[in-house]
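Chains here go by letter, A, B, C, D, E and F, matching the order in which they are written, and residues are numbered from 1 within each.
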Amino acid sequence: MITKLDKEFIRTLARDGKRENGRRFDEFRPLKIELGYAKNAEGSALVTLGETRVLAGVKLSVGTPFADTANEGVLMVNAELGPKASPEFEAGPPSAQAIELARVIDRGIRESKCVDLEALCITPKEKVWIISVDIDPLNDGGNLMDAGGIAAIAALYNTKIPKLDEDGRPMFGTDAGRLKLRKIPVPVTIYKIGSAVVMDPDFEEAEAADARLTVTSVDGFLCAMQKGGTGNFKSDEVVRVVESAYGKAAELRSAIKDALGI
Amino acid sequence: MITKLDKEFIRTLARDGKRENGRRFDEFRPLKIELGYAKNAEGSALVTLGETRVLAGVKLSVGTPFADTANEGVLMVNAELGPKASPEFEAGPPSAQAIELARVIDRGIRESKCVDLEALCITPKEKVWIISVDIDPLNDGGNLMDAGGIAAIAALYNTKIPKLDEDGRPMFGTDAGRLKLRKIPVPVTIYKIGSAVVMDPDFEEAEAADARLTVTSVDGFLCAMQKGGTGNFKSDEVVRVVESAYGKAAELRSAIKDALGI
Amino acid sequence: MITKLDKEFIRTLARDGKRENGRRFDEFRPLKIELGYAKNAEGSALVTLGETRVLAGVKLSVGTPFADTANEGVLMVNAELGPKASPEFEAGPPSAQAIELARVIDRGIRESKCVDLEALCITPKEKVWIISVDIDPLNDGGNLMDAGGIAAIAALYNTKIPKLDEDGRPMFGTDAGRLKLRKIPVPVTIYKIGSAVVMDPDFEEAEAADARLTVTSVDGFLCAMQKGGTGNFKSDEVVRVVESAYGKAAELRSAIKDALGI
Amino acid sequence: MMAEESKKLITGGRRIDGRALDEIRPMAARTGVIARANGSAQFAMGDTVAIAAVHGPREMHPKHMQDPVRAYLKYTYAMAPFATQDRVKPGPSRRSTEISDVSRQAFNSVVFLEEYPKTGIEVYVEVLQANASTRCAGINAASMALADAGIPMADLIASCSAGKVEGQIVLDVAGEEDTEGEVDLPIAYIPRRDEIALLQMDGLITLEEFKKALELAKQGCIKIHETLVDALKEKYRHIELSVSSARSEDKEDV
Amino acid sequence: MMAEESKKLITGGRRIDGRALDEIRPMAARTGVIARANGSAQFAMGDTVAIAAVHGPREMHPKHMQDPVRAYLKYTYAMAPFATQDRVKPGPSRRSTEISDVSRQAFNSVVFLEEYPKTGIEVYVEVLQANASTRCAGINAASMALADAGIPMADLIASCSAGKVEGQIVLDVAGEEDTEGEVDLPIAYIPRRDEIALLQMDGLITLEEFKKALELAKQGCIKIHETLVDALKEKYRHIELSVSSARSEDKEDV
Amino acid sequence: MMAEESKKLITGGRRIDGRALDEIRPMAARTGVIARANGSAQFAMGDTVAIAAVHGPREMHPKHMQDPVRAYLKYTYAMAPFATQDRVKPGPSRRSTEISDVSRQAFNSVVFLEEYPKTGIEVYVEVLQANASTRCAGINAASMALADAGIPMADLIASCSAGKVEGQIVLDVAGEEDTEGEVDLPIAYIPRRDEIALLQMDGLITLEEFKKALELAKQGCIKIHETLVDALKEKYRHIELSVSSARSEDKEDV
């Protein structure tokens, strides 16, 4: 946690249009994506945004589909805010914060329909691929939501589908082809500090914020949103903020595509 | 919790043959049963006993039978004492009190054999109906045991069995016939306050009681009993108390039948 | 827990080559094995080592094998340090101590290959025997590790495999033959008290110890080891200690064989 | 398959349940439904029914969570096991944990928590019947229950969802619109401050559509806010009546 | 099927295991079986065996559960994993939670808890072998263990069950009577006060049959009470012996 | 089957990955990898990678676990869900609980806990990639992280495993050696004191083989110890550089 004084300082700066780190309000820290960082995952990516580092890993397994989507694979996103990443995180079952992180990233991916779940059906009603995306923050330097969302999509992009043995069990390490992504959903979270709105806060800025709005979008469409924090947005402010998040996502998307070599 | 003084007052009144609410010792509060209160349940009933309100809902699903009763459906009763119903109830896994409530109601229903479990077999050894009865107290105004037991049996009486689709899964909202009840088991709990024994206590009376005995009966037979509380009954007192509970149950049963339109 | 003074006393004695109980450093308390102590178990043994009493029970069930050992039965060892056995043990899920106890005993049995798991396959890939060994300490008088390990192996030796009914379910109480043991793995734990090393400590000695090393062995081979405690062993000391544990195990093994009537 | 394709959710500006695009389902709002709570309410919009109880302000447990300068607001959203087609296992789920958390944050901005330092104010919401927009119904019930408990707030929060169904923006999605529709956008709104206290969105929507949906949801909240206020007035009318009749009795005594 | 029908549980006034209708299975009772407990005992009736340990009175954890005027009595009933045909998963179940609770309430009425304010008295019962009436065996073991721990009680509680088998009222149901019988009625009884401290009943029984079964169970408890008392006397006999021999040694010292 | 039999793990004194019998896989060690921890490090041996963070010394929660004379050392070993072939369910397992406990005990003997009474020192180890010897890699990472946090220790602990593969004693088992090999013997060693702080062993091994394996593992630990020291020197070199450059700046200021 940061002190009341630090919080005040950040808010005063923000009122004057400034950030302690010298960045513009809508300026992200340098983004770095390392694909294949975790070799036992079918896909993985380490995303660095300044001091923030988030590792995402994708594991595949074979299981039964849900009854109401009997011809589709299953996608699950999980996040743990393990105490290694921050002195604030506690051991134990996922906190509300970790659950929100996972669910917001999950919805961004799911609603964008970027993964063709029908292509992950092996035998209708019986066998489908289960995709588990695990978000593992290594250091919480602020803005885990965006870093985690980018790590998840990069890890999915990096995913190789294993071949199946004669009993229909995956042979890990083999490669029967890449998981195909139809779109690149990108989350951008806007933080409200006093009356200012900033992007990609570092840890102290995130702590000083009153509210945040995560907007995940693909080309042409918003696909998921989530407001958080005990402060609020005016209703016209929401519209402005969503527009700027959508614009920034387009910018980030081309950086991500460069990093992925698309 | 009530104060020691309130407790003393209730006990003194009871010694003099009186109740603060003016009722006779064996007098129940007005009983009201609203069937079908929860529309997404296959059966439901809201039971009102004075300030006490208990909602019971029945959900059906298809599952595998237990190995030792391969030709029978499965009946399960569950109760949660969620904090909404009383400032005394705590969040978290079911307390001993909630477990006892569920199990005593469960035994009353099960031992009476009022539900024909064999009629709930779909395919022997493979597929049977699973009946889940959930007891959900909305307000704990005393005597949850009897209100809950009546709500459970009324909800079962209200239950429609859904049709099955071609994959053998229930089509919720459809109606393939009523769940048939062969009997109406009714629990009556006797509370011992000092040397007095009262029925249907309100919250304060229940708190002031030393012991209680729940007697569930059907026409001609007792079917389940449970003593609770840290006080005791003399052995001849038990016999008298059981007799009066059995008598009162017959009285309540005709009121219930009226309410159910039987 | 024992007092600091008691601890000091035990350590001082040990420095002088003595034990309060008068035993030699490498002297076990009298060992007693009662087979078949728990009649509803397929196999059981109550082991007494002085005041220490440990009951082990074996239950068999039919289940599916692990995918990577599709032709083998499954062996599981579990231990609970229930509060009955000691004022120090707490209620709740297994403590780290209980988990270690179970896992060390498990490895001793598993690595010795004394149980022929392939003989426990009923139908490859589909049905195998699941052997659950439960370690249930009745009184913690020190050295639960060795007493528990001996109880486990004696209980396995005592195990009758039930016949299967026409549905392939075990008919408990019937006898289709004994579980065969190919070897008798015996754990011996060496405790380091100051610079002394003692075997089979009573409760106070175990509390006063800095470190321990459990060495499980069969004829000719070590099969599992585990160091515990916040103190350490010098590296040459480890070698000496392992040798003496191996020697003592041979001695105990013949006592155990006598008790089992082999 | 063909049958499904031919089934239209919107025909001639009317929805499958007969509503206009900007029409909320019939509402029912009532306070004082749980006698042993400090405050309580039940709120229904169509077949979605939620009940809320408020305990406190009371001593906060565990003690280390006491805040010396304000009350701690706890908000628990839960489903009755029989509220949906498939039975809901009791106990918190990931979904309910998230909804509880965003709802708690929404109320944090209106409840005057500083008035009750060191205490806990506990809001328990249970969905008795679910047909879409359950978090909205829960917030509306909780709003009334907090008012019923006499806990001071800057305003009543009202909550409503908009959605996109067959390409059209509609208010208060329900039934097949929920399962077949393209977008769900639940918000919570504070009319007096024109503030959005909760906002979640799922599904593909353009910026222009979003603006339209947000505005529609806001208008829905304003209507719901009126309903909540009316229900609370009803309560106070009863109290007033009792007070006046008490006065009459006083007179008779004289 | 035919075989089952022809199998009679009662023939000529004798039960399948040879007992008379009002006969308890052979009992074995022993104290001091767990050296590191303050008090302990093992009680068997036929193939049902329970062991009990008592820790305390000792400081109560967690502190907020301390009662300033009396000890808190904790009672935990558990099954050993290998006590039944199907392995019992360790940890509390709904069944064991209920049995623990009704047993705790029973002992609350006889233990002089006021003698040890702020402390906890913890009773741990484990069923090592189950063949019906396990809660009864547990209570009998716990009774002795509490006495063995020197904790003052108004009386020893004794527990026994009656049942209805092929229409006849029998004492101490066991084996196939348990699975095939019609009624199970476990009670706990305090002879000195003629009080019923625990009573549960399952199965269809008439009022008249119930009266008969209750009376039979009560008589069973009285017999068991004698067994418990004898087992405790045995213990004190040992202590007396040790004391006298200690005295002899004293003399020798002189 | 035949293929398996013909596959040799050791041929001509060389292992399947080309290493000599007494050769450790390539190592990579780095400190300061988690900015918000007091100390942190990452350690890799071949494809086994572990990361460690140290928080504290800081106030110990819960309070009743505070030790008035020394710090409480907490050690948590965990696997990333994607660290192995089959996904690892998050949360502690029996395996991870045991490894955490024996690792904690090992560090207890070197950390000067008396310097920080009443506090907690928390070590969190996560295996990012598992290819055998994960507890060893974890201990090596933790050793560096503790040093990086400036927590005084008698020595750095180094950890390595030996094994028996096709009857031969080898150092740092990996890959198919782990699944097909006969014995795994992980140890943790404190070179300055010649003490074994952790020792576990699985598999059939003779006394003579054990002596040889223990000696080999010890030699492995000594080599790893050098790597850890070098990585820490690297860190201090950076600090020194910063300090000298800071001094230069100071000068310039003058």
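Heads up, the rule we're going with is that a residue touches a chain if its C-beta (ideal position, glycine included) is under 8 Å from a C-beta of that chain, and two chains touch if they have at least 3 such contacts.
Bear in mind the structure is a predicted one, so any value in this text is a computation, not a measurement.
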{"item": "Per Cα centroids, the chain farthest from chain B", "value": "F"}
{"item": "Chain whose Cα centroid lies at the greatest distance from that of chain E", "value": "A"}
{"item": "Chain C-chain E separation of Cα centroids, rounded to whole Å", "value": "31"}
{"item": "Inter-centroid spacing, chain F versus chain C (mean Cα positions, whole Å)", "value": "29"}
{"item": "Whole-Å separation of chain centres (CA-atom averages), chain A against chain E", "value": "58"}
{"item": "Chain A, residues touching no fewer than two other chains", "value": "94"}
{"item": "Residue ranges of chain A in contact with chain D within the complex", "value": "94, 96, 99-100, 102-103, 107, 111-113, 213, 218, 220-235, 238-239, 242-243, 246"}
{"item": "Interface residues, chain D side, partner chain A - complex", "value": "94-95, 97-98, 100-102, 105, 108-109, 185, 189-190, 193-207, 210-211, 214, 218"}
{"item": "For the chain A and chain F complex, residues of the former touching the latter", "value": "37-41, 44, 51, 53, 55, 57-59, 61, 78, 80, 82-87, 91, 93-94, 132, 134, 136, 138-141, 172-173, 203"}
{"item": "Contacting residues of chain D [partner chain B, same complex]", "value": "33-38, 40, 47, 49, 51-53, 55, 58, 76, 78, 80-87, 90-91, 122, 124-126, 128-131"}
